[in-house]
Every structure is written in C-alpha cells, then in structure tokens.
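First subunit A sits with subunit B, and in the next complex the same chain sits with subunit C.
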Partner chain A sequence: MHFSPTLRVSLLFLVIAIAALFFADIAITTANPWRDLGRFFLGVATPDFFSTEGLATALLRTVAFAFVGVALGSACGFLLSLIYRFYPVRIFCAFIRAIHELFWALIFLQFFGFHPLTGVLAIAIPYSGIFAKVYSEILDEADPGPARLLPPSTGIISTFLYTRIPDCWVQLRTYTAYRLECGLRSSAILGFVGLPTLGFYLETSFSQGLYSQAGAMLILFYVLIATIPLWVKPKLLPVYILGAPFFLGDGMPIIWGNVERFFTQDIIPAPLRDGEGLAGLGPWFSDLMLTEAMPGIWNTLILTQIALVATGILTLLAFPLISNHFGGPIRRTSGHVFLVIARSTPEYILAYILLQLWGPSMLPAVVALALHNGGIIGHLIGRQTNAIHLRPDAPTGYRRYSWELVPRVYRSFLAFLFYRWEIIMRETAILGILGIYTLGFYVDSAIQQIRFDRAMVLILITALLNIGIDILGRYIRRKLALQTMPTC
Partner chain B sequence: MAMSYIRKILLGSLLAFTSLAVSAQTFVFTAIPDEDETKLMERFKGIADYLQEKLGVEVRYIPVKSYAAAVSAFRNNQVQLAWFGGLSGVQARSLVPGSEALAQGVEDVDFYTYFIAHQSTGLEESDTLPEGIRGKTFTFGSKGSTSGRVMPEHYIRQTFSEAPEDVFSRVGFSGNHTRTLRLVEAGTYEVGALNYAVWEKELENGNVNTDEVSVIWKTPAYPDYQWTIRGDVDDRYGEGFTDKVRQALLDMDDPELLESFPRSGFIPTANENYEPIRSVAEQIGILD
Partner chain C sequence: MSGFELSGLTASYGGERVIGPLSLDVKEGEHVALVGKSGAGKSTLIKLIHERVDGHASLVPQDLGLVNALPVFHNVFMGQLDAHPAWYNTVTLVRPFRKDREAVKDLLRELGMADKFWTPTASLSGGQRQRVAVARAIYRNADLLLADEPISALDGPLAHQVMKALSQRFATSVIALHDVEMALAYATRIIGIQDGQIALDEASNRLSAADIMPLY
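Moving on to the complex of A and B:
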C-alpha cells in the first residue's frame, strides 16, 4: 500500500505520541475535579470586578510592559534582521529566542530584582530574536524590481527605505501587531514570578480558590485582547510607546554590584568557585546531568510529542467551527468565541487553572497546550477554508469535511503544526515551574536552592533542545515542501 | 509614512528606561510567602505601620512570590529585613556576610511539622511516622520551606532510608502550607506535611474539615522562623539602628498583630541557633 509522504510523517508522529503516552504520567488526581471545575465556571459567570483594588493598576502595568517590551524588541529585532544573513547573528537570535520570557525574567530577577527593567528585558530579548528572524524573512520576500530602477549613485539607506520597506510595510505592520498581542500574554504571565502584572493577582486569587475574582481578571484580559483593533490605532501608537515607560511602576532601585556578582560568582559552577578546579567539574556536571537534566529532557520530550499530536487533533476538530462551509451563524459565532478564548489564554495560565482543578500530572499541560495552540491553528485553517469555493453540488456534512476540505488544507495544517513544534516545546519546558517534571521544574528547584550555576546550565540545555527541534522542524517542512507564512 | 513611524518607535524605545525609585531612606522588608497572600498582606501591612511608628523611618513591605525571591531581595539589598523560615534564613545569612538573626517567635524555639492524611487512607495518629504512608501520594509545601520540606524530608529519609520519590507514588510541592492543607483536605494528595502553627490557626478559625483530614504524626522539635537583618543597616540608617529594630520586634505586644503570625511574642535569637537546620539541609542535598 502506498502512503503519501505527508501521511507517512503524520502517522509517524501519531505512533510516537501513542508510545509516549505509555511513559507519560496522565491522571486526574483530585477527588472532586468536576466540582472544582463547576466552581470555577460559576466564578467566571459571577465575576467580581471590585474585589482587588490593584486590578486596574495590574491591567495598566500589563499593557505598559507589553508596549515597552515589544517596542524595544521590535526595534532591536529590526536592526538584527538587516544583518541576519550572517551565520553568527542567526545563531545568536536562535539562542535568545529559545529561552522563554519567564526564564529570562527569573534570571534578571536575581540581579535587577523587582525593577521594571526585569520585565521589559524579559519580553524584549526573546522578542528581538523572533522579530529578527521574521522581519528578515519578510524583507527577503520583497520585490527586488524597484531597487534596480534607481540611479546608480543612490545610497544604501535610501535604497533600502524607499524600495524594500514600502513593499513589505503592510506585512511588517501586521506581524508586529500580532506580536503585540503575544506581548500582552507574555506580560500577563510575568506576574506569576512576582512582577506587578495581571498574573500576580491571578495567581493570588486562584491559589486561594477565589474564582469570582480570578474570573473577573480573565474576562478583563479577554476584553483587552479582543478590543485591540479598537484601541491600538496607528495614530495613537507613538503616544502609547512614549507613555508606556511611565506606567511600569516604581520597582526597587538597581544595585549594580549585584549584576557584577551574578556574572562573576553566582553562575560560575560551584567546583570552580570553591577552587576545586576542573577536576571537580566532571562529577558536578555528571551529577547534574544524571539527576536533573536527563529526567527533565525525557519528560519535556514526552510531553511535547503528546501535546503536538493533541494540538493537531484538536485543530482538525475545531476548524469547522468557524468555517463558512458548515452550520449557521449561531454555531460560527460560538465557534469564534471558543477559539478566541482558547488562543487568547496563555498556555501557562490554562495549565495553571487545570492543574488546580485536576491535580498534578501531565494531563493538564497536554490539554492546555492543545487548547491554546489548537485554537491558534484552528483559527488560521478555518479562515483558510473560507477562501475555498466548492462546486454547488459538493457533498455536505462529514463527507464535505473529510473529502473536500481536509485534503485541501492538510499541507498548510502540517506546516503550521511543525512551525509551532518549537513553540510547544518552549512552553512545555516552562510548565515545569508549575510542578510537572519537565526541565522548568529543575530550573525552578535550582533557583529555589539559590544555585544559579545549576539553573544556568539547565536553561542552556533547554535552549539547545529548542534549537534542535527548530532545526528538525524546518528540515521536515523543507522535505515535505510545506509553505509557511510568518504570521503564525 | 513608514519612516516617521520607525523613527518614533526607535525614539520611544530609547526613552523606555526611566524608573521611579523608592526613597533611599525607606526601610524595606519582606517575608517568605508561606501562607495565603491575602493573610500575609494584612499581617505585614500591620507590621510595617508598627515598625514605622517605632523606628521613625518610612517602612515598606513588599510581597514576593517565592522563598527564593525573598532571599534574593535580601541578598541584593532591595530589602533590609526579612521574616524568614529556618532554611531561607540560613541561606540568606550565608549569602550576606554580617547579617544576623534578630528575633524569633516564642514558638519557633520548638517548632514542629504535622504530617496530615486524607480520611480515605484510613491512617490514624501514631507516635512514629506510620509505615502505611508508603505508596501514597504526598505533597510538601514550598521547595524552600523548612517545616514544609526540609524537616519532613529529613524524617521520611530517616524512617524509610529512601528518598521521598521512592517512598511515595507521587511527590508534589503545593507552594505553601495553606495549600497543602487544602489539597490533602480535597484528596488531591493523600498525605502532606505542613507547619503545625498554620494547622492550629486554621483549625481554631474553623477552616478545617476534620472529617476529611487529620494529623497522623508530629515531628520532633526544631528551630524555625526568625527575623533576619542585614549587617550594613547601621551605616545606612544610623548607629544603633539594628538594636532599635530588635527592640521594636521584642516589644511587640499588640495581640492582634501577634495573633496574625500566630506567635505569642518575640524573643532574641542568634545565628548559631539555626545550625541544626543547616546540617539537615546539607544532608538532604539542598544546601552546598
């Protein structure tokens, strides 16, 4: 029997995920998960907007950190994109974006402490790496024609600004606007490690079971994201960007000695710091690898593969919800609401909520990752099907789904899925902070034990793992000749 | 059009680094987040007011999200005083030379951990750590907690000669003592270990469903919580400031403030009183 290459790859990943399920820790450990879930939905249905006095401030700070972080990231990313063809720049960008915002925040917290710079850099640094890559992809696509028509003595900068930029301005703008939405999510979750954004209060309310308070915060967050087109206008952008730095809040003063200490002492491996020399480094490193890095890598990989396939399945189930080819306006509207909620909620917050409700295991993480990423890809694929025109006598219902639509969108579905593979792994690692035994768990443990040398090695391993998956994902996309747009 | 926006964006980013700092003379303190945050905010806002009145400088409390964040803030001199647990205090004082343990609660001289179990386990109170907890699911408090992690792990290892991961079918870290109580009460974990004072306070306030959860073992006593201050505060806030802070803490007699800890009062202590905690933490491998 002959299988197409895309089907072969799909089946291979499905088999890997099923095998991974045997090693995974999947369970609901709470005695009354449904009662808690019910209480949570009751809380969302009866939101209490006035309980926390800091709520308005937290929203303001969330927006401020997002604007400053994304603006800075976009500016640096743009500059980097101009020299992105150089190999060391690519490596550098791949490295800084392979480390999650929360890890950056945890690092900066150790020497900047609760200073606004911690939050700003935690967003700006990884975003620079992402912007550099995507901007350079967009710029490469620009039509070279106009540049050839210029007089010979035209300067490089003028040529660039008057021929390249206008051609891709719309794409650059669209992508930057999309990252701003991501920036709001990143900014919100920074609160979970102590910065004064929404996550700070969300964690407080959730951990105490105050679901009406938590519900109010979630609803405000969805409204904030859903109304972006209304309040983020090109004309207002300069106002926001200039104003945002003044609303980051007053943290604690930076003490530069701490920065020096962090880099010259804290992250130096303990045996070297204590003068045991290189002889002590071997046992130290192998102990770290055996007891923490290996179990962390194993669990991260298992969870990533299950979550990837779960995302794929959810996407295929969800895209008809917003497709014009099925159902009436009521179903499509509720489909849109479901997908907007799924993709607007950061995975970290979804996983946090589900962990509270179902107890600790990989299950909440898988569901959270699948919901968020399935929501994003489902939305894109659903919109894509709306551009497909079927014959008037095309089959309806299930046959239309399985014989007309899925085959037509399957390649771009796979492209999006492999594009998000690396993103899913980045998130999987970070979910360890919530108590699932992925790499983030060991990073958090090392930080809790004030062993930053260990934490840095583990973060480095996480970054390398991510870069590896990124390369593999690109290889598979190229092999299968899958096109991706840099808008996912 | 493109140019002007790009220019503005760049300009805006350059201006991004402005910050409003707290006044240099503000005395800032923090505390390990060992209980529900709402309770901590109430408690330590009261303490801040009390200290401000006694010390004559502006006093501010900042809440943190983890034990390590409290230690880091202390080490980085962003806070000068902290209410630490046994282990976090040991960590902080070894990282900040010259810092000293000022005062501890009367109860902290002989502190205990309670092992609690969900009723479905059928475990009953006993004089030793019952063998029946083997194979159950178990939760500590925070990873950096003394009464919620270090001491219970020490006694688990002593009783079973095995690591907790090998004794129990699942090991978790709830985050704080109140949550350990809630999680075991709800049956999410079958067994847990927590600070006895939190248990007693919640019990007294009627917040424990004793049909669902009960104490099965009380550990031997060990020293725990203490106020620790940086060694350089006298230079910054004036000669004798450390003594003033110590005296203010020892003089605290407002029943409402003390009740919120809950402690019956504060007594002097010293760094060496916490040596037992250091050696236990080293033994179980969470301190170098």
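Moving on to the complex of A and C:
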C-alpha cells in the first residue's frame, strides 16, 4: 500500500500519541467534576462586574505590562534582527525565546521580587528573541533591487531606511500588532506567579469559589482582546507606550543584596557552594538528572505528543465551523465565537480552570492545549478554505469535507501544526507549575525549596529541549516542503 | 569624465553565453541607442556596463526598481541620498525640506506628472512608474545615463518629452530602445545587437530606419 509522505508522517505521530496515552496519567479525580463545571459556566453566565474594585486595576495592569513588555521586546528585537545573520546572535535569540515568560518571571522574582521590572522583563526578554527572528525574516524578504540603484556612496542607514523599511513596513506593523495580542495573554498569566495582573485575581476568585467574579474577569479579557482594533490606533500608540510605564503599580522595592546573592550564591551548584569542589558535582548532577530532570523530560514529551495530536484532531473538527462551504450563518457565528474564545484564552488559564474542576492529571492539560492551539489553527485553516472556489457541482456535506477541502488544506494544516509543536512543548513544560509532573513542576518545586541551582539547571534543560523540538519541527517542515507564517 | 572604454564584456545564463565577448568604447558627449530584437542581449549589456562603471551612472532598469510603498517624492529623492547625512535623509522620510520638495516638483513638472507628488508608486500606472524611475535617474545628477527601455509604456508626446529631458540632462547616455524612429531621433550613435554581438555601429545621421530593420 502506498502512503504519501504527509500521510506517513501524520500516521507516525498518531501512533506515537496513542502509545503515549498508555503511559500518561489521564483521569478525573474530583468527586463531582460535572457539578463544578456547571457552577463555573453558571458563573460565566452570571458575571459579577462590580464585586471588587480590584478588577479594573487588574485589567489596567494587564494592559500596562503588555505594552511596556512588548514595546521593549520589539525595540530590542529590532536591533537584534539587524545583526541576526551572525551565528552567536541566532543562538542567543533561540535560547532566550525557548524559556517561557513564566519561567523568566520565576527567575526574576527571586532577585527583583515583586517589582514591576520582573513582569516587564519576563515579557520583554523572550519576545525580543521572537521579534529578532521574525523581523529578520521579514527584512530579508525586501526587494533588493532599489538598493542597487542608489549612488554608490550612500550610507547604510539611509539605504536601510529608504529601501528596506518601506517595503516591509506593513508586515512589520501587522506582526507587531499581533504580538501585542499575545503580550496581553502573557501579561494576564503572569498574575499566576503573583504579579498584579488578571491571573492573580482569577486565581483568587477561583480558589474562593467566586465563579461569577472569575466569569466577569474572563469576559472582560475577551472583550479587551476582541476590541484591540478599536482602541489600538497608530496615532494613540505613542500615548500608550509613554503612558504605560506609569500604570505598572509600585510593587515592592528591589533589594540589591538579593540580586547580588542570587548570582554569587543561590545559582552556584550546591557542591561548589559548600566547598565540596568539582568532585561533588558529579553525584549532584546525576541525582538531579535521575530524580527530577528525567521524569520531567519524559512527562513533558508524553504530554506534548498527546496534546499535539489532540490539537490536530480538534483543528480538523473545528475548521468547518467557520468555513463558508458548510451550513448557515447561525452555525458560523457560533463557530466564530467558539474559536475566538478558544484561541483568546491562554492555555495556562484554560488548564488552570479545568484542573480546578477535574483534579490534577494530564487530562486538563491535554484538553487546554488542544482547545487553545486547535482554536488558533482551526481559525486560520477555516479562513483559508473560504478562499477556495469549488466547482458548482462539487459534493456537499461530509463528502465535500473529506474529498474537496481537507486534501486542499492538509499541507498548510500540517505546517501550522509543526510550527506550533515547539510552542506546545514550551507550554507543556510550564503547565507543570499547576501540579502536572512536567518539567515546570520540578522547576517550581526546586524554587519553593529555595534550591535555585537546581531550578536553573532544569530551566536550562527545558530550553534545550525546546530548541531541539524547534529544530526537529523545522526539519520535518522542510522535508515535507511545508510553509507557514509565524503564529504565537 | 563620463565616457568609458570597456573590453571583455561577457555574460552567460545557465552555461549559455548571452552576450559577448565584446568591447565597447563610448566617448563623452555621445548618446548611444542600443537596438535589436528582444532577447538579443540589450538588457544584459546595460547591466554589465552598470557593474563595470561601479554604479557611477544613473540607471533606469527595465523593472524600474521603485520602492512601491514610498510616495513619488521619496522615490525621486533617493537619487541623491548620498548628498546628505543620515539624519537629513531620516527627517526627509517623515517631513521633506522645502528646497528638496521644490527641486523634485520642478523635475516632475517637466515630465508631466507634478500632480502625483505624494501618491505611493504602487498605485501608479505603468507609464507613470516609468517616469518616476526616469525622474530618479535625472535627480541622481550623474554624467552618464544607462537606461533600459525607459519609454516602453509611454506614447506619442510623452515619450518625446521624456527622451528630450534625458538627452538634455546627461552628457553621455546608453539607452536600449526598441523604437527605431526614437533611436534615430535622439541618439548620435546607433549600436545594433544581434545574438549577443555588435552587428551594427554607426553614427545615426548616416542611417535610416531601413538600415536597422534587418536586425529585427
């Protein structure tokens, strides 16, 4: 029997995911999961916008952190993109973007404490790495023709400003605006580690069972993201960017002694710090690998593979919801609403909610990752099908779906899926903070035990794992000749 | 010194020689028209000369090389980016100085498109785009002009207007033209290219259209 390369790769990943299911811990452990879920939905349906004045502040802080973080990241990323052709710069950028915002926040919290700088840098640093890569890809696409026509002694700044920037301006702007939306999500979840953004209040309301309050926050967050085109205008941007730093809140002052101690003591591996010398390093490292890193890597990989395939299946089920090739306006409108909610909710928040309702296991994580990522890819693929013109006598219903549409979009579907593979893994690792035994769990435990040396090694391992998956994903996309635009 | 003496001009695409080897000697003050049917190697020759004079010439390539997102003014102003420091060019990108605005406007008036000053070049017609590229070449203020079919999208009076402007502004020029009448009207010397070689090289006042026709 002959399989096309794309189908072979799909089946291979499906088999891996099914095998992974046997090793995965998938269970609903709470006594009354459906009653809790019902109460949660009742809360969303009866939002309480006025219970606490903290809500408005939380929204303001979320927006402020997003603006400052993304603006700083975009400026640094732009400068880095100019020297991105140098190999060490590429490695550096790959490294800083392989570490999730929450991990950066956890690191900075240890020495800056709850100072606004913690939240700003947690967003700005990984975003710089991403901006550098995407900006440099966009700039490379500029038409080289006009630059060759300039007088030979034209300076590089003038050449760059006149021939490259105008050609890429629209793309640079679109991508940056898109990243701002991602930045709002990142900013919201920073609250889960204690910064004064939405996540903090969401966690508080949830833990007290105040579902109407939590529902109000979620609804306001969706409204905030859905109305971005209305309140983010090019003319207002300077106002926002200059004003945002004043709305970050005061937090706590930085204690510089902590900063010094963090770098000179805390992150030095324990055997070196305690004077055991290099001889103690071997046992320390192998203990760390065996008891924490290995189980963490194993669980992260298992969960990533299951979530990846679940995302793919959900995407294929969801894209017809917004496709013009099926059904009527009511189904499409509700389809749009479903996909907007799925992709606007950070997977971390989804996972947190599901975990509260179903109890700790890999199941809430898989569902959260699949919903969020499936929402993003489903939306893109659905829109893509709207550009397809079928012959007038094309079959309808399931046959249209399976014979006309899926074959046409399958390659770009796979492209998006493999592009998001690394993102799913980054998220999987971070979901460990919620109590699933992925790498984030061991990082978080090490930090709580004030063993920062171990936490740093584990974060480093997580970053290397992400870089590895990124390279593998890119290799597969190149092998299958799949192309895609960046998503976050 | 705007003339040039070049020898060993040769170019190949995919292992197949498309031009040369040939030598070309153009004296200051000469206006050369390159004629010949399409594919004879005229464009390649223009590109070769541009490379060999190290870019010290105003060039109007066939694809024009405009920055589509920038308005007409900036595309023309680009001809003199080397005449100003980077800060001046940067300010000009946001808000052009009056002096430059007027210089560019005069030039565009001469080419019959003063009304399109702030239009992004992406939204212009083929003939208008061609005139923007011509205006940029003139604004560049080099002594030597290299142009590849600069009037192919222009008709009648406009084509003459552009050719007149070009021959007045440049001491020396090499222009690829498929219109034999125009070549005879504006060039002092006609070079016919056939299969990558010079098949005809004569002062234009000693030629008639009938002498050139065998090249096509």
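Keep in mind that, in the parts below, the second predicted complex is superposed on the first by the 486 of 488 C-alpha atoms of A that agree within 3 Å, B and C clash if a C-alpha of one lies under 4 Å from a C-alpha of the other, contacts with A are read in each partner's own complex, and residues count from 1 in each chain.
Keep this in mind: a contact is a pair of C-beta atoms (placed from the backbone, for glycine too) under 8 Å apart; a residue touches a chain by one contact, two chains touch by 3 or more.
Note that the coordinates shown come from a computational prediction; the quantities given were computed from them, not determined experimentally.
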Please tell me, clash or fit, for subunit B and subunit C sharing subunit A in the overlay. fit
With the two complexes overlaid on chain A, check the angle at subunit A between subunit B and subunit C, Cα centres, nearest 10°. 150
Would you sort A:435 into first (subunit B), second (subunit C), both or neither based on which partner it touches? first
Which of subunit B and subunit C A:88 touches, first, second, both or neither: neither
Does subunit B (first) or subunit C (second) touch A:275, or do both, or does neither? neither
Is A:407 contacted by the first partner subunit B, the second partner subunit C, both or neither? neither
Larger contact residue set on subunit A - subunit B or subunit C: B
May I ask you to decide whether A:158 touches subunit B, subunit C, both, or neither, giving the answer as first, second, both or neither? second
Which partner chains sit in contact with A:169 here, subunit B, subunit C, both or neither? Use first/second/both/neither. both
So in the superposed three-chain picture, is A:146 touching just subunit B, just subunit C, both, or none of them (first/second/both/neither)? second
Rounded to the nearest Å, state the minimum C-alpha distance from subunit B to subunit C in the superposed three-chain model. 6
Intersected contact list for subunit A, partners subunit B and subunit C 161, 166, 169
Within their complex, state which residues of subunit A touch subunit C. 143, 145-146, 148-155, 157-159, 161-163, 166-167, 169-170
The subunit A residues in contact with subunit B across the complex are 29-32, 36, 68, 71-72, 74-75, 78, 109-111, 113-117, 120, 161, 165-166, 169, 192-194, 200, 203-204, 207-209, 234, 237-238, 241-242, 244-246, 248-253, 255, 258, 270, 359-360, 435, 444-445, 447-451
In the complex of these two chains, what residues of subunit C are touching subunit A? 54-56, 59, 61, 63, 65-70, 74, 78-86, 89-90, 93, 136, 140, 142
In the complex of these two chains, what residues of subunit B are touching subunit A? 1-3, 5-6, 8-13, 15-22, 24, 28, 36-38, 62, 64-69, 71-73, 75-79, 91, 95, 118, 120, 137, 142-144, 170, 172-173, 175-176, 178-179, 182-183, 186-189, 286-288
